[in-house]
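Quick one: the structure is below, and I'll ask about it shortly.
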């Protein structure tokens, strides 16, 4: 039998007035396995704690139960006191006889009876407590930032500027993300590229940042502080060291009719290209799919014109294995597939475009050099209609949420249009104007009041072509009247959606998605930049639609989390984790599926001669957070949870 | 050619061609109306197989006998639709590789057996869908379930108390069940001893509840436990009730395919919760 | 069916109550308890019946009973010592019991070492790991009447230095001139200050090469060690009839009824646990 | 005169929500009957059906299982798993004749001290009305009685 | 001229026995199962059952039995013993195989240490066996050198009359005579013819089997693997065997009070012989089936000169996978020929 010390706290009158502590103390003294049971006015006080420590030493106690206030109050206090007296802190349990007994009951007899039972059951539990040691995890001080948009760049720079190594991975040939595509930015109307490109260059040249563009994450294993990441560096067919970025190859490439992704299909590019003029790095890639040589085996014009022999058609994808301590996921967003709105004629009518396409038209570096011209005939649209919530807040299209940035950029578009097309008329259909943010509402007011955009509250039901005009039929709900506008151009404020491969990518990284495919934060309010997987953080629109200031703030928040993590050489974690009994495990993997943290892996059990005997579940102590869902699932009772073992709970219930 | 002849031939071919190392099927039993598992290793053995209405056992449990499949060689097995569902679950729970199983499928209706098209568990998906759509298991059974459900809780308790009182804890229900492949059953864990091992009514009650719970969403209603029970406890009724529950609450029909997620290891955010305050 | 075989009780399955009077850590997971009878009648019964080699069922109410040998010799029957490795539910409970706690005991059961037959002979004790306790009770039985025996050699090995049990007694034996003690640990199991042998028991035994002449060997250890040590003993010229060992099987009743412990037709609990190697070799190997 | 029936109710709760809610009931000095015994667990995902059976074996007349509201789980979705288990286990208990009034499930957040106190009060009253769980107790008594043969 | 007990006097017999303090137990069918159970009236008995599903063992060695309770307090342990109730009882209508089985287990429960639970009940019970006039395809008493009218283990043997009016009484033991003295007045003297006994064909050659089993070479025979391949390792055959006697102890209760129970256990279970270290001398189902057969037909006869089988056939009758002693011994007979 054990040697348990029971310490019954009066908490002044709080417990003492309602519970007969003397009766409780003597009842516990009679309980088998209890070496000492004492009462005291305030055990949480210094002399109170001294009493506990003294008893531990004097009676050589093997466990301690403090019957006092809620463990949520003073568990840490008493565990610390135990540790100071040489008793493993996890051999201490708290019986809550204040919040859940003396404060809530009126009958002294029954409250005392209850206190006796509560304490007794915890004595039974503590007898089976094991000495646990906090889990120490070493930290690899190198961060991985996935995504080279503004969020990723900001996070990378913040971490690097704190002196920590960063690997910044971008799957496109250049940094920049969506922000590089934008013309001006709300609410200041400063030029996006003007504020973006210095950041891109800074990131590329930072001594602590290793930039890997045109690269993708293949595999993530491990856990906080100890991730192992495999990165695929896609072959550019251009030797990055040799290339000087002169651009001759791009000029000479005979294949020039490829739809330009960066310009949202409004422009054309050659098969060897950089996405845009200010690309970082300024090294072209060969688009294998469209390259004449790759298609027909003949051409190699680029190779011929390249003076530094940088073109290499034999180049293969390369794999890079890196040890990483923390991961920032900043993979951004995509805009909704506009084909969903057949009634708006996107794809059918060349002059029905998306907001992002409008950005390219308005951009000085865009296909029209900043002039607003119709894709169909290159004429200036005299009447333009902006349709907000083209997808957002529309459950029938699968997007129940608000895309958050459309109100603002539509106002901006209306403004830019007014500035660029004098005498043109802009109409805006909206559901609600959501302009919460510093300078935002003023901005939309400006669009309406100064730039005279005609805002109509209502939805558009149909767009069709009639006599060369795009007929827009909608309703002005404020007037309660149907409206029909003959427009030259229609701009759809399409919904912000997760990246199309977001779900698969979440599985690669080991984080969760919401119903749309946006990544799940650990707690929406209190842990908005962390994921459920320790050591992986979220920045930018991959978590939910965000504008630039929000993305940047979140990126900096991520960076501070990473820097905080890297400020220590070892991580200490509560040892409340699940452990599997490998000899009784049947390897059904239900636990792995149930685990919210992907903490359960397959482990091979090999014979001495190296043959596979069976596979069992291995619970990664770095990833396990100790919820115990796997324990309950396990039919063979093979998994157990340290601190709340099956034996402990059994004893606790049996002690009631 | 009778289905029995066809299947004997098929089994013989599988064995003589070396495609499978073993065919598990039904041989004659100790009385004319009994069939027992027959393990055929040669084409000659295959001539002893029976395929008829008396072949009631779900043989799939033998597939997970220790070491049987570890040499990666294939095994042929006679299975009814329930057996194929069991193979799907065993595959979904990583207990076997379905590619190693060559199925000689058959089904029985009103005493007549007919063959099923397909040899791999994955060949039977449309059959599974049909089974789910149209849960044909005997109406008599459902009637009994309904009858029990119509009782008051006190009557139900008394009914099961009288049944479980008979239990002798021989664990035939567990041993015969293809889903009870655990290397250690929870009842055999004595640290802690969650389930009483004694066969007093309380211990029997706990055992039968835990068994039914562990089979919820996994039982294919082959009836093996019910037939095995030497003291005639109507175990199929509990299993059927639980199968109804997971189907109604979670649209889960066990053993639909090899990738089915275990019903108690997965969830939907909008799972029903009418009873939670 | 005399009263004496019933241990003074009507119910043969009802244990006696004993108190833990001393507790010792022997090796990682291995503990020794010294127990004293609470009821003088139980003690009297024990004194009458206990002979070295017998075993008992030690238990804790609520957890069950577990079988191990009586590690103390018949020459010291004021108490019972038992040494066990913590592996299951009962041993876990016994291991966490404290001095002053009450435990249960049933026994002594089984047969004995025929120590009178060893008089005048040389003795060779060979033990491996946690199997020293059954050997130790014979060793002390003989040491307590040292003049009745010739040369005494003890060969004891364990996996590592830490796994050696009864370290204080090993030291005592080491210092006695009338015993030759050969200690060994498996290769890799030595500590920096280890001054004894390194190697597996069978080969160390062959190196020590005790004479088989007029010698009785008592051999206890894990099955694999027994197997190879018997070969070594054969090489040294030992006759299987002169080699004694004990068998440990799972037991519940200890009195030949519960059906677990038999190897072939032999009930270990009644006809054992002490057997000569010759008797063991006649048992079906597939059941051992 | 025998003592009036005082039901014994065992509650299995998660530490983050319901246990905290119970603490809040305490700090708010709400009153509820003292018949409840709480077993604190990290998450509802940790609450095994075995706990319920053992509580019944210990003579519980009622059992409460409670944790975070859906979506609020500290461990993101332990309570979703728990909900499925409860659905299934509850159906099983019902089918075998355990009155569902005796086995209750609830979501109580750390903020719902009032809900906690009210639930315990009503639960205690409901079970008091139902009376002791005689049928189960009879089974327990059988284990304590000698064989009649 | 022999004594006859007429069927229509049975109720009166029961009344007299009850009056004399006997409980009367007999074959009863209830709740979809047949077993030996206590009856108040003769009408409750179902004497047409060829063999009850459950065995006579249940009455002497229940599947779970509390032995004693314990209460642990800080300084002492209090215990209280449970012993069988000590009521005299008459088992009316046992089958010869079941009655024989009780006699088979007597020496086992009595060697050196006497099992109180078994013998207290044995000494308090009068077994009145009715010889079988019908058998099914699983009955095999004759193969065990017993018969439908074997007297082993019985105190009274009743032979059914040809006209089915009652039974011819054969008193075998003093205990039986004492019990029947209570109903002496109800018995008649009559020369009535007894009915033909059940025809139970011999299914295997027991002597050949024993010889084969005794040959140490056959211990490792491949036969064991083949014959037990479909065995699923449940306890049906052992728990429904009237002679199987293996048991386990289990402590049950809450932390400081509880009951140590004696529960049936089975050599078919993998855990039966498993050491806590994980080592298992009988680690395969074939080793366990071999143990069962060897024990019944080799080891037990070697120790007690009795086969640990009385030929009731329940092992085969109830086996979920249609195995059993009959098949195994038939195969061994074949191997030996």
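First chain written, first letter: the chains are A, B, C, D and E, and each begins at residue 1.
Quick note on the criterion: contacts are C-beta pairs under 8 Å (C-beta built on N, C-alpha and C of every residue); 3 or more make two chains touch, one makes a residue touch a chain.
Please read all numbers here as calculations on a predicted model, not as lab measurements.
Removing chain D only, and moving nothing else, give me the connected sets of chains.
one piece
What chains, if any, are shared contacts of chain C and chain E?
Chains in contact with chain C as well as chain E: A, B.
Work out the mean Cα position per chain and let me know which chain is farthest from chain D.
Of all chains, C has its centre farthest from that of chain D.
Taking each chain's centre as the mean of its C-alpha atoms, which one ends up farthest from the centre of chain B?
When every chain centre is compared against chain B, the largest gap points to C.
Have a look at A-B versus D-E and report the one with more C-beta pairs in contact.
A-B
Which whole number of Å gives the spacing of the CA centres of chain A and chain E?
Averaging C-alpha atoms per chain gives centres 69 Å apart.
Using mean C-alpha positions as chain centres, tell me how far chain B is from chain E in Å, no decimals.
The computed centroid separation for chain B versus chain E comes out at 32 Å.
What is the distance, in whole Å, between the centres of chain A and chain C, each centre taken as the mean of its C-alpha atoms?
Taking the average C-alpha coordinate of chain A and of chain C, the gap between them is 62 Å.
Return the residues of chain B touching two or more other chains; collapse runs of consecutive numbers into ranges.
186, 191, 193-194, 196, 198, 200, 203, 264-266, 269
Do you know which chain E residues sit against two or more other chains?
In chain E, residues 64, 72, 83, 248, 250, 252, 254-256 touch at least two other chains, as defined above.
I need the residues of chain C touching at least two other chains; which ones are they?
64, 88
Let me know each pair of chains that touch one another.
Chain-chain contacts present: A-B, A-C, A-D, A-E, B-C, B-D, B-E, C-E, D-E.
Across the complex, what residues on chain D touch chain A?
6, 10, 15, 19-20, 22-23, 25-27, 29-34, 37-43, 45-48, 51, 54-55, 58, 74-78, 81-82, 85, 117
Which residues of chain C touch chain A in the complex?
Residues 96-98, 101 of chain C touch chain A in their complex.
Flag every residue of chain A that touches chain B in the complex, lowest number first.
Contacts found on chain A: 515, 583-591, 593-594, 615, 633, 635-638, 646-647, 650-651.
With touch defined as at the start, can you tell me which chain B residues reach chain E in the complex?
So the residues of chain B in touch with chain E come to 29-31, 34-37, 39, 57, 61-62, 162-163, 166, 168-172, 174-176, 188, 193, 196-200, 203, 224, 227-228, 230-232.
Can you list the chain C residues touching chain B in their complex?
64, 88-89, 92
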